[in-house]
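Two complexes come next, and they have one chain in common, chain A, joined by chain B in the first and chain C in the second.
Up next, the complex of A and B:
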């Protein structure tokens, strides 16, 4: 994640220790993937209660852009910044593979470099990526354009057989209602240069830099 | 403190245990070994001391049956920074950087408790690597399971794979490669061999030699519990009906603590605090303290009451023999304790000064000031027993005649069956459960010849692989040992890497049986010759013996892990065919050797014992052919490359077609029986792909270098085609390749 951000920003991001209680002035907060506290409780549940998260929530509510990837997405739902929860994959197994995502390009902060309906190839690597929310919430997310990314095939078709983890309505990533918080399970940072086999994820970071600078 | 004042037993509510013959036998010591104990001690040891002798002299810790032979392996080259004997081996990869790597077995525990056994195997090997100051950047694993029909196989595959993934994924280290195979000889003893490759600065390597009388001995990491007691001794005996009862000897992993330990250790290594550091692996606090002191020729006094403990009422015996995971022992410079403590407290890990170095050459253990054990260090570490066990050579079997190996089977039917066989089928079901992309530097993912991992901030990469062909080793251990080494060398070469060095993980049966010992000796001899011929030394390794149940041993399995460097990532390749019209050329001579082949086993149904000699390995030819192929890659003259091994030419072509999702028109002139040409497992061969315009030039170039090179196909279409009526579509082939393992693992779906 640090490498991908550095490539797009031209400068390294600042790393913040989880016990910090004050955040500096910043344009973007990124909660990267990983296994915070080993995910021994629910994924992201303990990290969502780290001292620094109070400040992250405050900044998010002030309108600062927040990106949570994988474990970061799980933390965002646990912290209440995004609705729903990430349950264990339908297969009950960890899954690491490339998937195709259909982008909803309407969010100018996070998807400015993608066109609406564009299909991108990005890897997933998670055990708990099966997005769940009640129907009312799902309807609202869809109705308000808050579904940022959906699992699909190379042609953009969705379906249960294509969905890697059983996630509701094939959801891979969602925005909060204000549009300044994005949580997504796939790892765009692992597809930012051709050497990695694909650079489709680069657009997200380049778009962020353009939108926020 | 004189020996006679040592208390017989301590701090424990249990009664003093008398050291009877039965107690000695339970500790895995032979009567002769116990006599040596009495001579060394000059008295009857107490139970703690006996336990320490037991683990330190176990096969697992002492290498008593194997070290005579391991010493014959070549371990030096100008690029070797550290050879065997440390926590891991180290090679120079240029730019002041070093690759630190080792492979280790966790066979016995993984059979008893597959998830935790495999998980802690991964944890242990990563600790070996970061102990030396390296950040792990790639994990691999070589797995051998029993036959698919065995009642335990599915359960073991499921647990082992989940355990490896559970630990490695949580640590954030990509698991990028390995191999998995099945054979009835592993029904009662699976093999779980885990390898870690780390990256360090060549001028900032940490070793385990204790030094500086009076320097503090520090314990960091997790607390000590009662798990894993006698794991090393358990791993040094055969299995029998009572094996299930040994579950408490298996350790329980905590990968998040290990992640904290990794970061804390690397942070401390950025200071000048550390004199020596050693992870607590097999035999825990005992082996780490004895090995560090033994290497430094010093003594240690340890206050056991200062050891952080997870449970109450632990005896000295339990504390010394616990194999609780995620622990490290360090010797610091005097005065550096506070600086170090701050770092470990920041990472929320235990940090305890538990003792200091002495000049006595003895290990003195105390509880509340009272001595509970007092042993000399040297006889338990550097001067532990060494055996020259009797051995008999395995004779080379007769060569199998191709005419006797199912000559009339339709080649495409045979291909479809072979590629769906347990050993050749896709292992995607396994490696998709491993995060193979975390860190973002995986350039070649699992499924190819070798995985390729970029060195951050540089234009270079490491290629890593693990290989062994146990059926060759069974048929003729010397040939099999050499073949395992050359196959890793070929796999690295096929990516364009320059192979640097290997780690070995020697999995064999009971060495007290001369034929098993002979397999070990033979395999070592073959490996030695191959390493010498290829300038490809052994820098680290591990021996796992007694992989045997009720008198039946596993196929001899000297797993080899190879590491190579790619100096410019612009000049690397993989096995996927790229462009329609490209020509496929086999480099190396095809003679159609079907002995000990997968075709003989899977298609002709020939029993292992009748399958004849394995393909001979010509080391000079390997070197010539490999250097030639590497040159082609470095020059950018070819756009795909695949080493030929299991299953032979047709399997190799199928692998390349599937990886590139393009068909191949096969254009061979058969100057031998067709099945021998298509499925023979002749060594020293690669298939390369180049533009049609360059093919003639490439063949000329090879011919000038006296290297056989023959065009065998052209890329195009959507099938693998020998002739218009002998073809198989890519879709059919892919189904056969991809479906066997998921179907096997989920029979009800």
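Up next, the complex of A and C:
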């Protein structure tokens, strides 16, 4: 994640320790993936209560852009910044492979370099990526253009057989109602240069830098 | 005082782990088992002997950490 951000920004991001209680002025906060606290209790549950998260929530509510990937997405739902929850994969198996994503809702900050409906290839690596929310919430997310990315095949078709983890409505990533917070299970930072076999994720970071500069 | 918290998935929330247990029980020849739901039990030792205070404190813990009320329900039992 640090390398991906550095490549797009041309400068290294600041790394913030989870016990910090004050954040500097920031344009973007990124909660990267990982398995914080060994996924004890629930994925992201403990990390979402880390001291620094109070400030992250405050900044997000002030309108600062926040990106959460994988465990970061789980933390954002646990912290109440995004609706719903990430549950155990339908197959009960850890999934580690490339998937195709369809860029769904347009968002000024997070989808700048992608066109709506564009299909990108991005890896997933998770055990708890099965997005759940009640129907009312799902309808609202779809109605308000808050679904950012959906699992699909190479042609952009969605379906139960294509959905890797059982996520409701094939959702891979969502925005908050204000559009300044994005949580997604796939790892765009793992596809930013040809050395990684694909650079489809680069557009997200380049778009972020353009939108926030 | 001891508090025992049961955390279970809400009705309507799919429980793939419960489903896997159901299939395994079936494979072992246990007939007549309907839906299986898996949950968690969390035991807490509390300083207080005041049941009302304990209940209120543990409810607060459940709301803030022990359960994710988007997908889970909780119940609290107190024991001396």
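As a convention for this text, the second predicted complex is superposed on the first by the 212 of 213 C-alpha atoms of A that agree within 3 Å, B and C clash if a C-alpha of one lies under 4 Å from a C-alpha of the other, contacts with A are read in each partner's own complex, and residues count from 1 in each chain.
Here is the rule we use: contacts are C-beta pairs under 8 Å (C-beta built on N, C-alpha and C of every residue); 3 or more make two chains touch, one makes a residue touch a chain.
Given the structure is predicted, the values throughout are model-derived calculations rather than measurements.
When both complexes are overlaid on chain A, the residue A:84 reaches chain C alone and has no touch with chain B.
In the superposed model, A:133 lies in contact with chain C only, and not with chain B.
Once the two complexes are overlaid on the shared chain, A:93 sits against chain B while remaining clear of chain C. Of the two partner chains placed around the shared chain by superposition, neither chain B nor chain C is touched by A:161. Shared contact residues of chain A with chain B and chain C: none.
Interface residues of chain C, counted against chain A in their complex, comprise 12-14, 16-17, 20, 64-66, 68, 70-71. Of all the residues in chain B, the ones that touch chain A in their complex are 162, 165-166, 169-172, 254-257, 259, 431-438, 440, 442-443, 445, 454, 456, 569.
Those residues of chain A whose C-beta lies close enough to touch chain B in the complex are 1, 3-4, 33-35, 37-40, 93-97, 123, 125, 127, 187, 189-190, 192, 195-197.
Here chain A touches chain C in the complex through residues 41-42, 45, 49, 77-78, 83-85, 87-92, 130, 132-134, 166, going by the rule given at the top.
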